[in-house]
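For reference, the structure is listed below as structure tokens.
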Amino acid sequence: MPTIRVELMTGRTVEQKRALAAALTEATVRTLGGNASSVDVVFFDIERHDWATGGELWLDKMAAPPASAG
Amino acid sequence: MPTIRVELMTGRTVEQKRALAAALTEATVRTLGGNASSVDVVFFDIERHDWATGGELWLDKMAAPPASAG
Amino acid sequence: MPTIRVELMTGRTVEQKRALAAALTEATVRTLGGNASSVDVVFFDIERHDWATGGELWLDKMAAPPASAG
Amino acid sequence: MPTIRVELMTGRTVEQKRALAAALTEATVRTLGGNASSVDVVFFDIERHDWATGGELWLDKMAAPPASAG
Amino acid sequence: MPTIRVELMTGRTVEQKRALAAALTEATVRTLGGNASSVDVVFFDIERHDWATGGELWLDKMAAPPASAG
Amino acid sequence: MPTIRVELMTGRTVEQKRALAAALTEATVRTLGGNASSVDVVFFDIERHDWATGGELWLDKMAAPPASAG
């Protein structure tokens, strides 16, 4: 403990996850104290067709032409 | 907020998820009020070999012949 | 299955949760088919000091005077 | 209810999950009473590059030579 | 790892949780091997008004007179 | 997105959560880029009698006298 569970859009590289795991662990120990070895970070990749905001899949949001398009 | 997380058996199409995300968001706004843009829906596909009820994997439940079979 | 897990800001009444559980279950069966008895809905109340967006607790966001205030 | 959600490192076989689902369900009914049919077990496979402890991905921990290596 | 997260209806005693944590950990080590010290069990108490099945809160299901009542 | 969900032992102050939410959001934006406004952090307080490691509740681990005690 603490356990940090991160849901993020699919597509991040292992290198980005390596850096984020280190950064989140460091931020936690810096803020709460305690030992880094007790901090777990778990990543969950979410596909764009599995995440909706405002009732619309991000798959569709990201496929739509920008609002300003003529 | 609210964040709605849906675990469902693997096999639903993107179209079904599109419809379900919209329906869940609409039901939430209709019931609680607030703005659809603040509602997130996240889907988690669960394989039949990753879900058990009564101690039995759904993989096995669905492979077994119907009880009435001769 | 499906299991629907809803995180929402603390403060909703039992009556609101009663209505939301029914509405989410109905929306799920209407959209995916299947039997309502197989749909579970679980609510998680989140305190304003336990939810942050943009690095700021909602406790603080909601305590701040509206931007337009003189 | 109860719902038991198990996060485990990717790589377990269906047979291991079959046995673990049965064992967890039996342990729950033996300890809490109630009916096995009301116990759900859900498995989540986590890749080694998606799980970090102490700020280090298990992908890297498991790739590093044992400490005692000359 | 593995991490076992158990959602159960509010009302279990610390003694029941003590026994269930031990039983689930033992079942996991017996089935998957590995070390008990790497197994975490986390309990989440769910109120009857926060859990619905078939669109009906368990608060209401448990308040209703048994079907056979005259 | 990303959504960061932090389970931590009960007892942290609002001030600690304020600082941790900011630190985790900053670490995420620094590492992945993107906009802080799209980062959500949610805290879940876990009681010592609801968290077990190695089959033993932390309630009991923390109540036991230190190993070296005469």
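We call the chains A, B, C, D, E and F, going by the order they appear; numbering starts again at 1 in every chain.
Keep this in mind: a residue touches a chain if its C-beta (ideal position, glycine included) is under 8 Å from a C-beta of that chain, and two chains touch if they have at least 3 such contacts.
The structure presented is a predicted model; accordingly, all values stated were derived computationally and were not measured.
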Longest centre-to-centre distance from chain B, chain (CA-based): F
B-C, A-F or B-D - pair sharing over half of the A-B contact pairs: B-D
Gap in Å, rounded to a whole number, between the CA centres of chain F and chain B: 28
Computed distance of Cα centres, chain E from chain D, in Å: 17
CA centroid of chain B to CA centroid of chain E, Å: 21
Touching two or more other chains - residue numbers and ranges from chain D: 3, 7, 24, 26, 40, 46, 51
In the complex with chain D, residue positions of chain A that touch it: 14, 17-18, 21-22, 24-26, 36-45
Chain C-facing residues of chain E, complex: 7, 46, 49-57, 59-60
Parts of chain E lying in touch with chain D, wherever the complex brings them together: 1-9, 12, 16, 19-20, 23-24, 26-28, 30-32, 46, 51, 58
